[in-house]
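Should a chain be cited, it is by its letter among A, B, C and D, assigned in written order, with residues numbered from 1 in that chain.
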Amino acid sequence: MSLILAVLLAPPLGASSLAILVRPYRRFVGWVSTIGVALSLAASIALCTTVMGAGPQQEAVPATALWRVDALSALLALCVTLVALVAMLLGQRAGHPDREELARTRYFWIFTNAFVFTMLIAVTIQNVALMWVAIEATTITSAMVIPLTRTKASVEASWKYLLICSVGIALAFAGTVLAYFDFVATAGEVPGALNWTVLRGAAPSLHPPLLQLAFAFLLIGYGTKAGLAPMHTWLPDAHAEAPSLVSALMSGVLLAVAMYAIGRWKAVVDAAVDPSFTNRLLMGFGVVSVVVGTFSLVIQRHYKRMLAYSSVEHMGLVSIGLALGPLGAFAALLHTMNHAVAKSLSFLAAGRILHRYDTTEIGKVTGLLRVMPWTGALFAIGILALVGLPPFGLFVSEFLLVRAAVVTGRFWVAGLVLVLLLTAFTSLVHHLNRMLYGEPPPAVTVGERRDWSVTVLAVSVGMLIVLGVTLPRPVAALITQSVRGVIP
Amino acid sequence: MAFGTVALLVMAVGYTLGAVLSLVARSDRAARVLTAVGAVVGGAGGLAAAVSVLATRVSVDAVLPTAVSAAGGIVIRLDPLGAFFLALITAVSLPAAVYGTTYMAEYDGRCSLRVFGLMFNAFLLGMSVVPCAANIFTFVMAWELMAVSSYFLVMTESENSETRQAGLWYAAMTHLGLVLLLPMFFLIAAGHEATAFVDLRAYGATLTAGTRTAVFLLALTAFGSKAGIVPLHVWLPRAHPAAPSHVSALMSGVMIKLGIYGLIRVLFDLLGGGPAWWGGVLLAVGSISALLGVLYALVEHDLKRLLAYHSVENIGIILIGLGAGSLLHSVGLRTLAVIGWTGALFHTLNHACFKGLLFLGAGSVKQQTHTGNMEELGGLITRMPQTALYFLVGSAAIAALPPLNGFASEWLVFQSLLAGAHISRPEIAAGFPIAVGMLALTSGLAAACFVKAFGISFLAMPRSDHAAQARECHWSMRAMMLVLAGGCVVLGLAAPWVTRGMSRIIDGVPGLSAGEPIPPSSSLWLTVPSSSAQVSPLLLAVLLGAITVAVLGAIHVGGLRVRRADTWGCGRISQTARMEYTASAFAEPLRRVFAEVYQPTQDLSISMHPEARYFIQSITYTSHVVPWFEHVFYDPVIRAARGLAAQTRRLQAGSLHLYLLYVVAALVAALACAWWFQ
Amino acid sequence: MGGAFSQLVMLGSSGMLLTALIVLWRKGVPAYITAYRWQSWLLAALTATVGYYGGDGQLYWVAALLLGLKGVAIPALLRTMQRRFGTEREATPYVNTEVSLLIASVLVVFAYLLGRPWMALTQLPTRQGLPLAMSVLFVSLFIIVSRKKAITQVIGFLMLENAIALLAVVGTFGVPLLVEFGVFLDALMGFLVMQIFIYHIHDTFDTLDVDALARLRH
Amino acid sequence: MSRYVVLVVQPLVALALAPGLVGFVRWLKARLQSRRGAPPWQPYFEIRKLFGKEAVVSHTASWIFRATPFVVFGTSVVVASLVPLILVPASPLVAGDVFAAVYLLLLGTFFLALAGLDTGSPFGGMGASREMTVVALTEPTVALSIVALALSAGSTNFSQIVARTIAEPAAALGPGHLLAFIALFVVTLAETGRLPVDNPSTHLELTMIHEAMVLEYSGPYLALIEWGSALKLLVFLALAANLFIPWGLAFALAPGALAIGLASAIVKLGALAATIAVLETRVAKLRLFRVPELLSASFVLALLAVMSTFLVR
């Protein structure tokens, strides 16, 4: 177990250190990072199988153990490493020969690896305070990469990102402290008291009013990071201005990691308070997020912002799913996974489009299918997957989500979500229509070779289809087990 | 493995291989051929499965429980009702696929025929699986597969901005269907684990009246949006003209029928039928759709758009049959209800046949003349004689002229409406005569419309160079039209025999079944139980044929002398195409009669000579008919969505302080919520 | 552990709230930095006091760290920054001083209301400090929301961290040391990154006024 | 056995009577207008003459133009074999019912309109357009009149309707029956191109409907069309007469009954033809765009007929 964990966590840390040490930038740094993440991916797969076979894994002394991996952690680790691998494989081409570019590339590899590392820490550590530390660290590491090319827009975006998320995450820490205060007030100081397993065990004896306040802080705090409306305002700016590889990581998995934190805390609070409390809050913020995300898509001029708002919408769906009982949680986790793959695919394709057209405006990107047949098709597939069409995975998770809403008797949620999904669908297809077809702008070179980035992204598409058409049994089982991490 | 299972497997594999192979084809030509090969193999498999089920009346089951087990897995069950629709799908898809091989040649190099091949086969696969699906997930998945792939088929001519607009409308409306479909199914299954149709059937009996009402309304709108009932039909006249013609044939001939299938499956199979007012609603919706569909078709001068509106009309007729059947069934007149059901199902089949034929015909015209605008056509009967003949057969069939198939099914629908006389409750029975009136008006207008469609497009002299240079289309295309035209004739003449088979299908559906043996009918006459009304299309045809032959013989024996001359031109010496009656002029009287419905906008501008008002330099007259319900139903929705979007945009105003304020406000709200919850 | 401990905690916490209110009242950045320094010192002192009465040796280490990092290092860095950019004053905050102070008092009342139910839960002598910590938290949030200069926002953020640290100290007698270190590290890194960004902002926008950062919309 | 006799005999009788009926109307009209007019049997001569002439066919016309006369004639004859004219077959086995008759006539009109367009002449198109307008608008009235009859008979089968009316003569004088009869009569005027909808004797192109469509026809083709049209008039009048006033119709193949049937048919047709003649001398042709008003009025009558049948039941 420790060995696997080491293989999971060490490579990004090592790669980051390597990038710091090797100056000026050399191409092998990128390759080492990529291979490292591939190793991590292998480790996370190993973790999944171990967890599936032998239940949650942790260090010998249960109470004080720092690391604990159950199915939920393994699932998130899998998503993180998977998306990171895809992003890094595409990142190999980011380097350009001139000196300034090389410095930037080095910078990029330092912080991207650190970013991945902190995310992996966040999902495998069982001390809630240290989990907070790790998530806070993700803000710092990712904020450093956003203004890679220092334009006004990127500086503005990263400052907003940094400040809003720091404030938000500080509130999450306040919530953590409050919960800990309650624990200490009830049980006294116990080693490992901040481990969520211990917290959850003790939860029935804790004071509901205090835990409710704590959860309010935690939800706002981590919700800011997860992009739940109305705390989502940093998200479109940061996602649109970040290099696409980072956008892919942020949108695909960073939001999911923050949702993971909320899920962990929900399990603790639900043990003490009637679950309808957390469910209502999650439902409320989820619905607001879906509404805001959806209607921000209707009149949208920039395709990267469009993808970002779509993330807000999808995180809202995940939040709603978490509030809908076991089936809803299953749908939410499956949705998280699908969204990670689909959104990273879309952002990476969007990055290639940006590189060719040199604009983020939807109106100026025309004839995409003619200019870049492969990327255009991949982008279209990504969007179509995101709007929940079969045969892609998000169709299944949205299907289950609506089913969960109806099964739990929340017809209005099902109705509202479906109407909003229709609106989002129409808007995205409208924007997609405008981009894919028509006459290409004269300044843009037409034609594209099928390079290996395309192959990598095509593998993502393949995964989406497999998730949508067959939903392999091991994956389903892993998610079923993960649900127990959120709803005991 | 049973024969049916193997056939279904062949179907799935055929379509899948067709999709994949055409995607990786080396040349455009190869892509076209592989597309058709996959579609034909798959279609043959589907047809074999459907025929075997219809012949043996034993359902075929196939379950892939391991796939997507979380959502219930893929469950397939082909029962006779499904088999009927599968047969209908393949009956049109096979000719359409072959037709497409040469028809798509004009797209070589213009668009990706590989992607087209992929989508075409995916479309067929999706459509074919819908009637086989036996749980919610499989049904919805196939339904969406059909929708997505057909969206791309509509977008084939994406360089055209009108096409892109059409695609968007289509995508939105079809997604609306899904959005209503999911809650509809889930409502039936609410509170239960299983989602297979077998279980839903059991649940259906236990639902409360309120839930049943909700399910009915959801089903009507969801399937109605696919079938194209007014006012959910807006995508039809946009999407059908935009798609390549053989795709239009499939969409209009087959895909929208799956909306009917869904209605029957859910309302009458899963729920087992409903109260009388369901039938009333179906009848009303059907009548209105039929009448408005044909009225808008009349003022339409694009051949394919005209046909699309006629699909709305025919869906209306089918719904009238269903509604009449449902009403009769609900008041206990079950044997009479069978007439309505049979009429509806038969008309479904017939419409698939002649609408497929007409779209293929329109496709040939469009391929040769590069336009679908009737005002630029004309004289094609001498240039494309066979296409013209087949189009004429289709026109006569859709206008319900005896002895073709449209007549037979419309006759049944009329009879089902007359059976309303047996209903003792006047408030229910009173709806029937009104429906009779509307249906009769519809069929009269349909005849007028197809006189226009055929007469203006094919007869007299060409109105443009394109039309003048048209040549007969490729033999394979003609052969496929011949097949469908033959179908129209055979279905018409053999109507009694076909409907006998249909009553067996109906007997197998719980909500449709009469519950008692229906007296065996003759295979020469279409009959109505407990009424002596009857008609024999075959006999009519024989009589008509005999008289014609006799008269022809008599005249030729008498020595018929024919002299060719110019048409009388009121003193003009040479006749020109400009003297011909135009499509607009043809429709003008009816347009004025129904001006209340059309609310046309007219613009007459006369520019006069500056010196004297008596000398006119030019007159331009434009008139536009914009369906009013688009303003009434859709504009407010679109406006509301955009308004909300504009409001939402204001959230993201750019100010960091505002954003932080949101966070604080959200915190306060959450804390207040926590506090309140205590 | 008696009244004296409780009194000291009250005093320290009130002092921290006061320093936060000073920021709302004064307009010059140097005054803010001074207020922050005082607040950090008070926090360090409080931590040490809790350590003394609670008999927890670890808290002395924490207090020392607090003093070093938040009481000396960060104020010094802030000072450098302020000198470099000149004395840009918070001339026109979104909310003027009088209203700001009024709102702050409302926030304090809100914090007390919020804290009342859970003050009853515990018999800790330090429980009086809890609503005060909450008050500091809300007031610092208000500073971040209502002040325009990036540097003021950073100070507000730092005060927010202090508030949470105060909460941890008075509520739980300090979180475990490992966690404390992690939080310190984060705080330091966070601050450094913010500092870098303030330089970025100054370089690209020629001002520290956050109002200039409103190009990205919708 | 009788059904085959009906199939053969009745259309022959109808064919024989039809030109005479048209001639009778013309003659009576002339008399009413104080003209001498041609004798009633004049149409027979005209048809014979036309059959002997050569046919002129436009260059632009296709086979549709040449096929149409046969379709028009054929459908009329087939319809004549369906409707009760002099004899009601005892067995309900004929090839079709009222709806079949209506749709067969529609088939004829459909082709006639196509033929009008086929020559490319503006008049043909105009006639076709107007004819289809009128036909489309008459359909609902026809259908509803049938419903009114079928409601009491419980069937759209001709013999059933006739049998029921004879069995319950009181119903024939009921308001429903009467209203339906008037509605059907108005429709007959419209369908057969009589005043006030269309003027069969007009020679002003702009007011023509039926005549405009057949403007290009000549020789045997014109003969067939004229004969077919006459037959259509006869069929409609026979429908109106025998469905509403069925007394006198023969029910068996007995010679006496047949003779009575024939005599009564001639009397009834004559009476209706006289009504038309009177009407045509009394009313002026309506403007085309006022025709829908007339037709909608007849539709309302038919609807009232149906509703009153409901209420009476």
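One rule holds for everything that comes next: a contact is a pair of C-beta atoms (placed from the backbone, for glycine too) under 8 Å apart; a residue touches a chain by one contact, two chains touch by 3 or more.
Worth saying up front: this structure is predicted, and the values here are computed from it rather than measured.
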(request) Without counting chain B, go through the other chains and collect them into connected pieces. (result) A, C | D
(request) Could you see whether B-D or A-C has the larger number of C-beta contact pairs? (result) B-D
(message) Farthest chain from chain B, going by the mean of C-alpha atoms per chain?
(response) C
(request) Please find which chain has its CA centre nearest to the centre of all protein CA atoms in view. (result) B
(message) Taking the mean of the CA coordinates per chain, how far is chain B from chain D in Å?
(response) 35
(request) Indicate the whole-number Å distance between the mean C-alpha point of chain A and the mean C-alpha point of chain D. (result) 78
(request) Round to the nearest whole Å and give the separation of the Cα centres of chain A and chain C. (result) 31
(request) Return the distance between the CA-based centres of chain B and chain C, expressed in whole Å. (result) 69
(request) Can you tell me which residues of chain B touch two or more of the remaining chains? (result) 649, 652, 656, 660, 667, 671, 675, 678
(message) If I count partner chains per residue in chain A, which residues reach a count of at least 2?
(response) 159-160, 163, 167, 209, 213, 236, 296, 299
(message) Quick check: what residues of chain D touch more than one other chain, meaning two or more?
(response) none
(request) Could you classify the connectivity of these chains, where an edge means two chains touch, as line, ring, star, complete or other? (result) other
(request) Chain pairs that touch, all of them, please. (result) A-B, A-C, B-C, B-D
(request) Spell out the part of chain B that touches chain A in their complex, as residue ranges. (result) 66-71, 112, 115, 137, 140-141, 144-145, 147-148, 155, 158-159, 161, 164, 167-168, 171-172, 175-176, 179-180, 182-183, 186-187, 189-191, 195, 641-642, 644-649, 651-652, 656, 658-660, 662-663, 665-667, 670-671, 673-675, 677-678
(request) Mind listing the chain B positions that touch chain C in their complex? (result) 649, 652-657, 660-661, 664, 667-668, 671, 675, 678
(request) Sort out for me which residues of chain D touch chain B in the complex. (result) 7, 51-52, 54-64, 70-71, 73-75, 77-78, 81, 92-93, 95-97, 99-100, 103-104, 106-107, 109-110, 113-114, 116-122, 124-126, 128-130, 132-133, 135-140, 142-144, 147, 150-151, 154-157, 159-160, 205, 215-216, 219-220, 224, 288-289, 292, 299, 302-303, 306-307, 310-311
(message) Which stretch or stretches of chain C touch chain B in the complex?
(response) 94, 110, 114, 117, 141-142, 144-146, 148, 153, 210-211, 213-218
(message) Touching residues of chain C toward chain A in the complex: what are they?
(response) 114, 117-118, 121-122, 124, 130, 137, 141, 144, 150, 153, 157, 160-161, 163-164, 167-168, 171-173, 175-176, 178-179, 182-183, 185-186, 189-190, 193-194, 197, 200-201, 203-205, 210, 213-216, 218
